[in-house]
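Common to both upcoming complexes is subunit A, partnered first by subunit B, then by subunit C.
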Partner chain A sequence: MSPVEAGPGRRRIAARVAKYLAVSRIGLATAVAYRGEYLLRSLTLVLILYVFSVLWRVVYAGTPGGIIEGFELRDMIWYLVITESIIYARPRLAGRVDTEVKSGSLAYTLSRPYSYVLFHYAQTLGEAAARGIAGFAVAGLVVTATVGPPSFHLANLAVFLLALFLAATIDFFLAFSVGLLAFWVEETGPFALLYDRLLMLLGGMMLPLEIFPRLLRDVAGWLPLSMIIYAPARLLVGRQPLAAGPVILAQLGWLLGAGLLCMAVFRAGIRRVNVHGG
Partner chain B sequence: MVQTHREGSSLSAAVVLDRLSKTFTVRVKPPGLAGSFRALVRPTYRQVSAVREVSLTVESGELLAFIGPNGAGKSTTIKMLTGILYPSSGRASVLGYEPWSRREQLAFFIGAVFGQKSQLWYHLPPLDSFDLLARIYELDARAYRDRRDQLVEAFGVGPYLDTPVRKLSLGERMRCELAAALLHRPRLLLLDEPTIGLDVLAKRTIRETLRRLNADEKLTVFLTSHDVGDIEELAKRVVVINHGQVIYDNRVSHLKHMLMRTKVIDLLLGGPGTVPEMPGVRVLKKTQVGIKLEVDSEVQPVECVVRRLLEANKVLDLSVSDPPLERVIGMIYRQEAGQ
Partner chain C sequence: MEGRTAPGRLGAHLRLLSAYLRANVAMAMEYRAAFFAQVFGMVVNDSLWLAYWALFFNRFPVLKGWERQDVLMLWAIVATGFGLAEVLFGAWRTLAGVIVEGQLDYYLVLPKSPLWHVLMSRAAPTGWGDLGFGLAVFALWGTPTAPRLVLFALGALTSGCLLLGSGIVFQSLAFYAGHAEVLAQQIENAVIHFSTYPGTVFGGSVRVILFTLIPAGFINHMPVELMRRANTGFLVVALLAAAAWLAAGQVLFSAGLRRYESGNLIGPRM
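Moving on to the complex of A and B:
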């Protein structure tokens, strides 16, 4: 049975798209394979949000007017719901390549008729969707009960979803580039830790960039990390949401850069794959 | 010296390797804490030649055993055949493709099973993996279902299709792994220790099915195994590799006969036994009721040994057999090592 004999263009392209969609579905199915764990893990978000809620309540109690850089307490907590959900949704991508190299399962994942990078991308999107939806739903329910419903800029909802997709893609390319270092070094953990911490700090996971000192805010604003967390969240939350056009344009620019970086790292690394032994 | 029965390539060849070599750079760490710090400051590396100038041709439809001791270079060769490893030098053609530069295209036509790894999604039932692989290999939906049903029956995995892979026994999982590797009707199947750790029944199912597929579909099989049963029951040709080099390449039957100067004689006795002193005869085992001897037939003709044994003992039963293939292979390894 040879691959779908196409006439030859359209069916072949459809078959190619279908394979990556199927990989995404498997990623999603894997993420929800254990119902209890799937929901229970989301509860860790509730704990984090509880701690931040308490801290912010103290800060806001001492703030005249109850507004910090255009954020009311409720906005701030809902900003955290979105940013924490984005972080929570991310699979441990860097460690995955590392594991494949060490366990030798690379022999399978690299020898199938697909792009190795796109395969992992599709799988990551599926997993991230499953985890992100669960995390946001659980955290959102709890926060609604404690600080009230969000005052999202719903007109931006469609562009927010697009920005989330672009954010996940940029993050994938960057995190996967770090993971691909496994083709050179024996342990990618420290690199992955560095990337994750930078993403959390400079990406705006704990604080909107407006609250950063000016220099740090400028630096963070120029990095792709803020396009992964801060920018999508700020399309929905805050008195004055970010303008959609510049955010999407900036994301597309970073996506192109990160994508090229990832492909270059993969092309260089694939020649160095070192999986000798059984 | 390499013992071989074929040279060059042929038009119907599934695999052609031409002086293929692979050298790895391995980091060396001296033992102990001080060694760890030294390696941190000034890392040292050494080159390991995993495969050295291997030349080999495998015809389409051939069932070849590619064997050798641990670390001989078998798996490295297989990984170069699938295209995931780039060689350090030399050339290879697999079904007409250079594997490492046409990995994705080649993947449509080859299947692989690595006995100590899994290609099935661990948390999901095999059926989900099969469905996904059908998409990955861009299979037509109906043709896929027919093929899947055929393989499910052949490997007897019907009862496990809905069970998450993590809950399957090794034998059940391996049969599913093989079915997964064959879903897209590959023309070449690369098997790296496919029966490792399996019970007799699972091995038999796998061997029978592979033999049938080889005969019915002209499936070329490239098999590495430490299990002599796999080699004896499946392969017609055997290539022995050691220290990265091919040291023997011939038919399995030739392997046995060529090195058949050794015979094993088993005696069942009706009383205490004695073994007359004869050059080329070695006692392997001696009990109250039996003797087991190994005879080097080039030094001492077997019939002469048998006659002397019959004269000296009250023999109830006698058998002359070839040494097990395991021992023959061991002899090849030792010959190559100059022992």
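Moving on to the complex of A and C:
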């Protein structure tokens, strides 16, 4: 392609990206607009971390050497800060999509000059960024006061941020697919809740996978759920952090799989939309 | 009605409770799919926590004197008590919203206590999930002999009353502090959260708070004190605490009614 031909094409791509970036900014601004409420809600996060801190203190007090599976007490708590913040950051995407499908507002969106999926993706990322940063800041401050500052592997910081982005994208595709089930079933709530709870347990939100029994650890390690929570957190925390290369590769693999699944579900669902004029 | 004896008044209130329960169940059955979806969702949610504790105790078998069996009983008691409160008095967790939006008018003109009416006006479908889950856990892992069944029932009822009473207290803050919905919700989340962890892990000033400012301490000591040791002294104190929280809720709500401002909302009630 010659530079002359590339110009308008590049401008079109830039315009598209700018469009979705604007949506992300709106998502972020929405989250920030209700900062008082979000801050109050983040107290629940602080409470959860406080209770976990107390629980793990008791466990570590009875552990000779003070190290469990390569985690000191401080590492364990900071692991939980990251994993809880990731969960806290997630908007209720499946419920939102479910409502739009059932109410029919999706049909209006389809005719607008943007992709329905990308619109939600951009909005979700914007909201998640604002909520995640706020949650991590509040929880981090409290935990710093109780167990001290983190001993993160800062050399992995850039790859951690990349892993977070990929994790959010995989989660988006999966949660979006769950919401789209509203095309076929009356109530998607149980599916969304099941997905959320499996994410919390097998994704490693409440316990690092190292605490699981061997078989379950291996199974959970292969699932996309652990790529959304456990893997990003373990890039930063623990005596022996996960190697960045395999984590990113596994995330890319799951991202591709989840993306294809989401597209397939979306296309199949859209075929069921009937638009009547009037 | 004036002149009625206390048992008579209680009987009338219980008949009203039964009528509300039947109406709420009939209403839920009109939306069966949504109802069963919510029940299933709550069972999944509670099961997650049991799975967490199973993994935890698999790796750390004893936690300050608590074993896996104790946590199972804790969840059986709390889920049953919470489920009962949700099924019978399902509006207790949204009371602040009703107050703030000025939607109490309808209940003020009805005979019997407005608090009683507003609490029973809806049943949370998820409560059936909690109730079923708690009973199932007890049936499966609680060694349900007759004496243990009595202890379990007393523990669950007391826990339900403690949660309900404290819920009314915190939700009634909306009369005094304006938009207190989120605040009340956060405090209630704290009560429920602390109630579902082994009581012995909390010490010092937090332990004092759990037995005074919020009633979680009574609940999270039930499995060991009641189910394991059959400590009747503890049960009596817990029952008194439950009565005190319920009374405080009633007093705070009644006093708050004097500050209530109607929303002048006009709408159909079906």
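FYI, the second predicted complex is superposed on the first by the 264 of 278 C-alpha atoms of A that agree within 3 Å, B and C clash if a C-alpha of one lies under 4 Å from a C-alpha of the other, contacts with A are read in each partner's own complex, and residues count from 1 in each chain.
Rule of thumb we're sticking to: contacts are C-beta pairs under 8 Å (C-beta built on N, C-alpha and C of every residue); 3 or more make two chains touch, one makes a residue touch a chain.
Everything numeric in this text was worked out from a predicted model, so none of it was measured.
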*Go through the superposed model and pick first if A:Glu187 touches only subunit B, second if only subunit C, both, or neither.*
second
*Which holds for A:Val51: it touches subunit B only (first), subunit C only (second), both, or neither?*
second
*Count the residues of subunit A touched by subunit B and by subunit C, then name the partner with the higher count.*
B
_Looking at A:Val59 after the superposition, I want to know if it touches subunit B, subunit C, both of them or none. Which is it: first, second, both, neither?_
second
_I'd like to know which partner A:Ile211 touches here: subunit B for first, subunit C for second, both or neither._
second
_Applying the document's definition of touch, where does A:Thr144 land relative to subunit B and subunit C: first, second, both, or neither?_
neither
*List the residues of subunit A that touch subunit B in one complex and subunit C in the other.*
186
*Given the complex with subunit A, which residues does subunit B contribute to the contact?*
22, 24-25, 27, 48, 50, 70-71, 75-76, 79, 82-86, 103-105, 107-110, 112, 114, 116-119, 121, 123-124, 128, 131-132, 135-140, 143-144, 147, 164, 184-185, 192-193
*Quick one: in the complex, what on subunit A touches subunit C?*
37, 40-41, 43-44, 47-48, 51, 54-55, 58-59, 62, 186-187, 189-190, 193-194, 197, 200-201, 206-207, 211-213, 216
*Spell out the part of subunit C that touches subunit A in their complex, as residue ranges.*
33-34, 37-38, 40-41, 44-45, 47-48, 51-52, 55-56, 58-60, 63-64, 182-183, 186, 189-190, 193-194, 197, 201-202, 206
*asked:* So in the complex, the part of subunit A that touches subunit B is made up of which residues?
replied: 1-4, 12, 15-16, 18-19, 21-23, 25-26, 29-30, 33-34, 103-108, 110-115, 186, 270-271, 273-278
